[in-house]
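Read through the structures below before going on.
Next come two complexes, and both contain chain A; in the first it sits with chain B, in the second with chain C.
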Partner chain A sequence: MLGLDKKDTTLLIVVAVLALFAPFLLNPFPTESALAQFNAGYPDLMQRFVIFGIFAIGFNILFGLTGYLSFGHAAFLGVGSYAAVWMFKLLGYNVVPGIILSVIVAGVFALLIGFISLRRSGIYFSILTLAFAQMSFAMAYSVLTPITNGETGLQVYSSDNPLFQTATDPNVPHLFGLVMRESYTMKVGAWSFSFNNGYYLCAILMLVAFYISIRIFRSPFGLMLRAVKSNQQRMNYTGLSARPYTLAAFVISGMYAGLAGGLLASMDPLAGAERMQWTASGEVVLMTILGGAGTLIGPVLGAGFIKYFENIFSKINESTLHGWFSWLPDPIEDPLVWLLEHFIGGGWALTLGTLFMLVVIFLPGGLVEGGQRIGRLISGKSRGTEDETGKPAATSHPAE
Partner chain B sequence: MGILEVKNVNKRFGGLQALGNVNLSVAENTVHAIIGPNGAGKSTLLNVLVGKLIPDTGSVMFDGKSVLGRAPYEINQMGISRVFQTPEIFGDLTVMENMMIPCFAKRDGAFELNPLASVGKQTDIVERAEQMLIDMKMIDKRHMHAASMSRGDKRRLEIGMCLSQQPRLLLLDEPTAGMARADTNNTIDLLKQIKAERDITIAIIEHDMHVVFSLAERITVLAQGTPLVEDTPDKIKGHPKVREAYLGESA
Partner chain C sequence: MDDIILQILNGLDKGSAYALIALGLTLIFGTLGVVNFAHGALFMIGAFCAVTLQKLLSLERIEVSATEKTAWGTPLEIKTPYAELWFGHDFGAAIIDWSVPLAILFAIPVMLAIGYVMERGLIKHFYKRPHADQILVTFGLAIVLQELIKHYYGANPIPTPAPSAFRGSFDFGVLLGFDAGSIIYPYWRMVYFAFSAVIIGAVFAFLQFTTFGMVVRAGMADRETVGLLGINIDRRFTIMFGLAAAVAGLAGVMYTPINSPNYHMGMDFLVLSFVVVVVGGMGSLPGAVLAGFLLGILESFASYSPIKNFFETWLFLPSIDQIIIYLVAIIILLTRPRGLMGRKGVMED
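Here is the complex of A and B:
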């Protein structure tokens, strides 16, 4: 189907079904129950899942295939956001021009940065991209205030007077009248599920992005990108020029980041410089590695994993912990709560760091490798059969 | 006029004259060996031929066109393929993928943006790569991870990858270095077979005299960056200058 083989088609369908039914799947606990704090089925978080999924899918095309580790991809996300908000200011609140322009602007910006940064490889490439992203951040914060509105952040003012905004149009981002922030809430017994317009727009675009990424992985172009990672020397002596390939991968992944940025702005018409900061660039690196770099589904899993735990852990506070451990005697409860409270709320980064270390040490292939190991345990296949075919699953079967 | 003409090439690294007035002519459809003791400049000469080094003076013409100042990938596209001393293959990829990459390079050139095409549907490339694997007697290993193969198989694959581009000149840099005797003999047989079946010029840089005298039709002896003699293997064997260069004056 759609030019994919059976396995890839299955993967795409599974992801599509998960995305479609996410409002149900992410809200397994009744609204009033104590476990409701672990629900993730609210619009804002679901939008983040798919938007950062797009960001990570694009990043994986560069990092997973060519091995070039960019530490500045948040710059393209930020540029995409600014482009989208400018479209709202100039043309009106319909998100279509904003999303299209965010992809184009991020692509042009990536071409410029990639052209210079790709003169070097390895650590020097990473540092160059990091430098460019921090420059972009600093400029957005100060020098470029007329364009970016500095530290206040770019937003639409009532004095803007967009070109195509009529009195009847909604005064918030919309898709031909369909307001992004509106949701339909379905109540079933004690459960409540919300279906958000913005989420479904993002989810559809994520599926398109995912589909294109599968096609790239399976194309001769994708094969060449893997060749770049494997042996550039052999590549040069095989009549292939590595630089245009890496540059193309860089621009494509920059456009993915721009799309993610445009969608962030479409969900909430704001764009701030902090979106370009290096922590944001580092986050997408973590997502990709945590999920499984070089695999198709890994980055999406990684993005979902990080965004979910970020939200859940940030919400837990000291009194929640006391509630959980109240059955323990006080001399044990207090030190335990004291210890754990460093890992929750604002200290969530500590949890993320610990999880990341555990994954990198015990599951170098990321969550995808974890899934494969569990799958192997269940199906009872011994490792021996895997070795006979001479195909270590992690590298030669990126789709698994 | 040979297919490869090296004229008056000089290359100096600081105080070291690595190549001094090298003249070399490789005739089409021959096997030409370049031998010489350690430090004779063999590798420097090879790096000049493939575009990795640019000589200080002189000219290198391949098929009437200068190769100087061109990037390695451009020189490869002109029809020169290189086999490395340690096999350079795409270790993370399967044997079949390894073989398809040079086929794509031959068909599509140095860069082709086709992110939405499907590798499996490029039937011409798949067929060509499979045929080459059959020729190399490696078709049963097609799904193997290239890095997990033995050294001899890696060498075989690398030679196959070079041949799949139908090069006019195949450059071999000590192709049997570090190999066991059996693997060395297999490689010699493979190269003999390649020569018998194809119109191809082979230039080989080698240390192992057994390999050189089994394969070469012409031999150039390089010593201290300068060609001493160029002749047929029979004449080279007994040449006093060659013995001197290899064994020292007293011999």
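Here is the complex of A and C:
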């Protein structure tokens, strides 16, 4: 179907079903129960799942396929957000021009940065992209204040007078009258499920993005990108230049990031410089490797995982922990709570860093590899089969 | 003319910090072939060594006075630092006053130990892994260290003053024959520059004139051959890692009076230090030092108001000082991809 083979079609359909029924799946606990704090089915969080899913899918096209580790992808996300908010300010609250422009602007920006950064590879490339992102952050924060509104962040003011905003149009982001932040709430017994317009827009775009990413993975172009990763020298010897391919991958992933940024702004018409900071760039790297770099489904899983636990961890506090571990004897409970207390509440960044290290050290292939290992363990098959993308296990580089 | 001298002087202290961090980065990269994204965190930990020592020294014993009362009628609390109780009033007060220089003694063993543990416990396992993994794991470590410091010391900058003897400023204007007050330069910045010059000199002398340094340089050039000669090069490289950590930590200790330390200072300096390393030429120690000072001075010139105004009016770039280093790095990479002093064959891929 749609030019995909059977396995990929199944994967796409599974993801589509999961995305469309997410409001049910993410709300397994009744609203009034004690476990309701583990529900993730409210619009704001679901939007972030799919938006950061798009971001990570795009990042994976660059990092997973070519192995070029960019540390500055948040810059494209930020640029996309600014572009979208400017469209709201100039043209009106319809999200379509904002999203289109955010993709285009991020693509042009990625072309510029990629053209320079891709002159070097390996470590140099990572450092360069990090430097560019920090430079973009500094520019957004102070240098370009007339465009970005500096520290305050860019937002739409009532004095802006957009060009196509008529009196009947809603005064919040909308898609031809469909207001993004409105939801339809369905109550079934003790459960309540909310279906948010914005979420479905993001989810549909995420599915499109996912589909494109599958096509790229399976295309001759994707094969070229993998060749860049496995042995660039050999590729050069066969008379191919790696530069155009890596630049194309960089721009595509930049456009994905721009789309994510545009969607973030469409859900909540704000754009701030902190979206471009290095921690944000690090987060998308983590999402990708946590899920499994170079796999199709990995980045989506990683994004969902990170955003879900970010939400849960920041809600827990010390007394909740004491409640959970009250069955332990005090000499064990107190040190345990003391230890865990570092990671909860405002300590999410610490959790993120720890997770980062643990994943890189113990599970370089991410959740997908972890799942495969467990699967193999259960089915009892021996190792050495190729993983989902068809690339051999990570460390072996033939003829290097 | 006096303005130009002032800008050069102003650039020296930031340049010293860049040079010291970039030197450590290059040392680690040259010996172990690892890009250490946690190096900025080491700089920050050094700074917090100074903060910790200052806090420890000024711990106070609180006595409730029997006779005196405060304005509210409650008994007056007399606070005496333990340092003054133990070492006598004058000497104790001097110790507290000199806590930042004293922190050097405190920081050296701490940083060497942290460096040693980091290399043996973590980085050792990443030599055979791809560069991307090395970057990621040290990046994660940097976040962890930074957040731990934030958790225990709070998010606000902690003022850590220099000894009172160095708190004033020196008037270079009189010395050089300009108007008095035209070139005012704080004493501590002079100390910082002199300190970093000594450290840089010591590192180079250590590598150049000792047998240990010779072996390390040989190892940097050809690790396998040195290993074949029966020398345990790994152990020496581990020590070099500790040394690089100590250099970063000392740079942090002495930097505290210039800028009050906060938990994100490490990352702020790290990104710029990477740019310094790239401009200087990856793997080149003199390049790192040279580029550090050059970029520090350049940044200072960019914040000089006539130049700043020029950029703002003619090129529509206000606050050029915030991005000048990146712009220069881009130009250098486009015209001279190997950096100022990079050698052929070092990190060419």
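Just so we're on the same page, the second predicted complex is superposed on the first by the 365 of 400 C-alpha atoms of A that agree within 3 Å, B and C clash if a C-alpha of one lies under 4 Å from a C-alpha of the other, contacts with A are read in each partner's own complex, and residues count from 1 in each chain.
By our rule, a contact is a pair of C-beta atoms (placed from the backbone, for glycine too) under 8 Å apart; a residue touches a chain by one contact, two chains touch by 3 or more.
Quick caveat, the model's predicted, so the values are computed rather than measured.
Enquirer: Name the contact category of A:Ile289: first (chain B only), second (chain C only), both, or neither.
Expert: second
Enquirer: Please tell me which partner, chain B or chain C, touches more residues of chain A.
Expert: C
Enquirer: Pick one for A:Ser241: touches chain B only (first), chain C only (second), both, or neither.
Expert: first
Enquirer: In the superposed arrangement, which partner chain does A:Thr166 touch: chain B (first), chain C (second), both, or neither?
Expert: Neither: A:Thr166 stays clear of chain B and chain C.
Enquirer: Determine, under the contact definition given at the top, whether A:Leu69 touches first (chain B), second (chain C), both, or neither.
Expert: In the superposed model, A:Leu69 contacts chain C only, not chain B.
Enquirer: Determine, under the contact definition given at the top, whether A:Ser379 touches first (chain B), second (chain C), both, or neither.
Expert: A:Ser379: touches no partner chain.
Enquirer: Considering only the contact definition stated at the top, list the common interface residues of chain A for chain B and chain C.
Expert: 395
Enquirer: Going by the contact rule set out above, which residues of chain C touch chain A in the complex?
Expert: Touch list, chain C to chain A: 35, 122, 125, 128-133, 135-137, 139-144, 146-148, 150-151, 267, 271, 274-275, 277-278, 282, 317-320, 322-323, 326, 329-330, 333-334, 337, 347, 349.
Enquirer: Using the touch definition from the top, list the residues of chain A that touch chain C in their complex.
Expert: 63, 67, 69, 71, 116, 119-124, 126-128, 130-132, 134-135, 138-139, 142-143, 145, 232, 278-279, 282, 285, 289, 342, 347, 349-350, 352-357, 360-361, 364, 394-395
Enquirer: Where on chain B is chain A touching in the complex?
Expert: 50, 71-73, 76-77, 81-82, 84, 88-94, 97, 100-102, 104-106, 108-120, 122, 125, 141, 143-145, 148, 161, 165
Enquirer: Can you name the residues of chain A that touch chain B in the complex?
Expert: 3, 5, 212, 215-216, 218-224, 226-227, 229-231, 233-241, 244-245, 248, 252, 389-392, 395-396
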